[in-house]
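These are the structures, in structure tokens.
Common to both upcoming complexes is chain A, partnered first by chain B, then by chain C.
After this line comes the complex of A and B, so read on.
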């Protein structure tokens, strides 16, 4: 069974909603990302303690006509891509960013 | 024994850009003269200055060719350096010092960096843009080098007051944005008028075969604006302030893409 994936926003970012989109700026290198409406829903739901699968099931699959496995695959690709830029923190355990007790991969 | 003339020799110049008076102290009167000439129209006779900088001149030939600007926050001070200068500014004491060789370009860079830091806290910014006042309103013309900033300045009709052809100074006051004249010039090599006016529109420049204006908004406008905002510091708090300002600016000021042929008629389109 695939382990759960927990996701937290990096502290070194600035993010603001703009219409249906979300703009995210890396404070470390000023790279700018624009998230579309669906990605914005995921972004807003990331709380470091709710597994990504649960977020996708509750927030995406109930709102959009998409199968859970397909939506989850896309969501994982999104968060892993953003994590590579230091925008998100990923872990197989709930993340406590301030304590840093989880094994966090970027 | 020093003469009386030497004893009362001038040792400082106050340069006031955007209503921010900065006192520059230096024991080299030749350099002070250079500063007065370089910032003509922005030299204040006021003895009051919000900020004090002591300039130490290094011997000629001591500057390195490193063009990378490095701005960091360390122990309560901003440290700014490039191959030709090292500067430090303490926001608490409002004092700082600059080490550079005797050329006004290094000082110009330090002042630009300093103003980006000051403006960020006030919701303003410096923008790679020419700007001008016409009929009481300011227009910003932004773009990368070669996009047409100086061309727009050259094509300006006589009733237009040019604020700069290179770096625009944008301030926020009571939810409104104002463009303010600067001495920061580009190819035109002319200091801008020391005036201000509310910003009516930001035009993103592109040269083309016809004159065309296309409104842009949302994320695209923010992205385009941020691409041209001058900021050097990488501290998260600072980046967030600039980011928030860009989003607020785009929500309040129309942003348009202006494709233009380089002739005077382009100004007729700007309303």
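After this line comes the complex of A and C, so read on.
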């Protein structure tokens, strides 16, 4: 069985919701990312203690017509991609983050 | 700005979101720069709690880019408390400081709190020139030390070089210094009036010849051919253009809670001590008026050949008395760039009073002198007229 994946926002990022999208900037290299509506839902749900699979099942599969395994595959690709840029922190255990992990404000 | 940032700015404009705010935390400063536009006395700065509440309001309103400036931001003892709160609200934070109070401890905190960039004003690579402008002996040494420390912490540092008569020849030296320290270099050749409208510091502005030289320096402007290209005149599309982001996707908040469209555009538009930030942004009649203005509404600029390419600052125009009018400083920049005078400069020249031809001094060869020279002062001869 695949281990659960826990995801937290990095402390060195800026983020803001803009309509249905989200702007995210890495403070380490000033790279700007924009997340679409679906990715924004995932982003706002990342709380470092809820497994990604649970977030996808609850927030994505109930809202969009998509199978869990397909949605999870895309969600994992998203968070792993952002983690490579230092935007997200990934762990197989719940993560403790001291500052900067607050949710995006719409 | 990259294309993604431009795209997001466009979306913010459509949705009336204040994407970018400069918040001056204090006007107090440890330097006394000769060109500064601020009154450094504290007239009742916002408290820590007021600023934190404002940051919450701004985050809720959609502000993403937050510039914390002053005065000198580190003059506030609660500065890191404020910065930490801004970080919690996930702003993209830029700091503007003179760096004099930045030591290892401050650099550590700034790095930890994920600041995007730190801008430090450096007026010259020569101590005697920089320190004479800041009126603070040793200030260049301390500012350079701050740049060095912040760079050692891996921070993005910008060295901002404001040009004036005192340092007009030093920008190459500052640029070399920035390269040596691994900092970005930017240059600004505009001295602006004081926020209370006092224009006396404008005499520090560099002259047209110096401006022309700066605008023809490839290292500063990129393609000189493109930058200094003759204007084509504003097309129909340009007439509907917005002047700049001030009041549209950006605004400025003073240490006293006053909101203006921009730090260079001191049109009072509300105060966050009396009204919520979002309500001012949405409902202020002054901001609505600023938003309603396009190039088409500007009687002089819409007919000017520079209309489509001019860097006209509506704030400078406002400080000259008419936010729909031209800004002479920007007309002069357009002229220095292209050698073609703006409609405003032509009109000013046409209406300027004729130089009085006064015979202040007359010299006449004594070989033709009349018996009483004084009687001949008004007559024809080999005279030389001297201007006042």
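General remarks:
Going forward, the second predicted complex is superposed on the first by the 97 of 106 C-alpha atoms of A that agree within 3 Å, B and C clash if a C-alpha of one lies under 4 Å from a C-alpha of the other, contacts with A are read in each partner's own complex, and residues count from 1 in each chain.
One rule holds in what follows: contacts are C-beta pairs under 8 Å (C-beta built on N, C-alpha and C of every residue); 3 or more make two chains touch, one makes a residue touch a chain.
No experiment lies behind these values; they were computed from the predicted model shown.
In the superposition on chain A, contact is made by A:11 with both chain B and chain C.
Within the superposed three-chain model, A:19 lies in touch with chain B and with chain C [touch as defined at top].
By the touch criterion defined above, A:68 reaches neither chain B nor chain C.
By the document's definition of touching, both partners, chain B and chain C, reach A:30. By the document's definition of touching, neither partner reaches A:77: not chain B, not chain C.
Between chain B and chain C, it is C that contacts the larger number of residues in chain A.
Note: residues 11-14, 16, 18-19, 21, 23, 25, 27-28, 30, 32, 34 of chain A belong to the chain B contact set and to the chain C contact set alike, using the contact criterion stated above.
Listing the residues of chain A that touch chain C in their complex gives 9, 11-19, 21, 23, 25, 27-28, 30, 32-34, 99-100, 102, 104-106.
Remark: chain A residues 11-14, 16, 18-19, 21, 23, 25-30, 32, 34 touch chain B in the complex.
Every residue of chain C that touches chain A in the complex is listed here, in rising order: 2, 4-5, 7-8, 11-12, 15, 17, 19, 59-60, 62-64, 84, 87-93, 113-117, 154, 156. Of all the residues in chain B, the ones that touch chain A in their complex are 218-219, 222-223, 226, 231, 234-236, 239-240, 243-244, 247.
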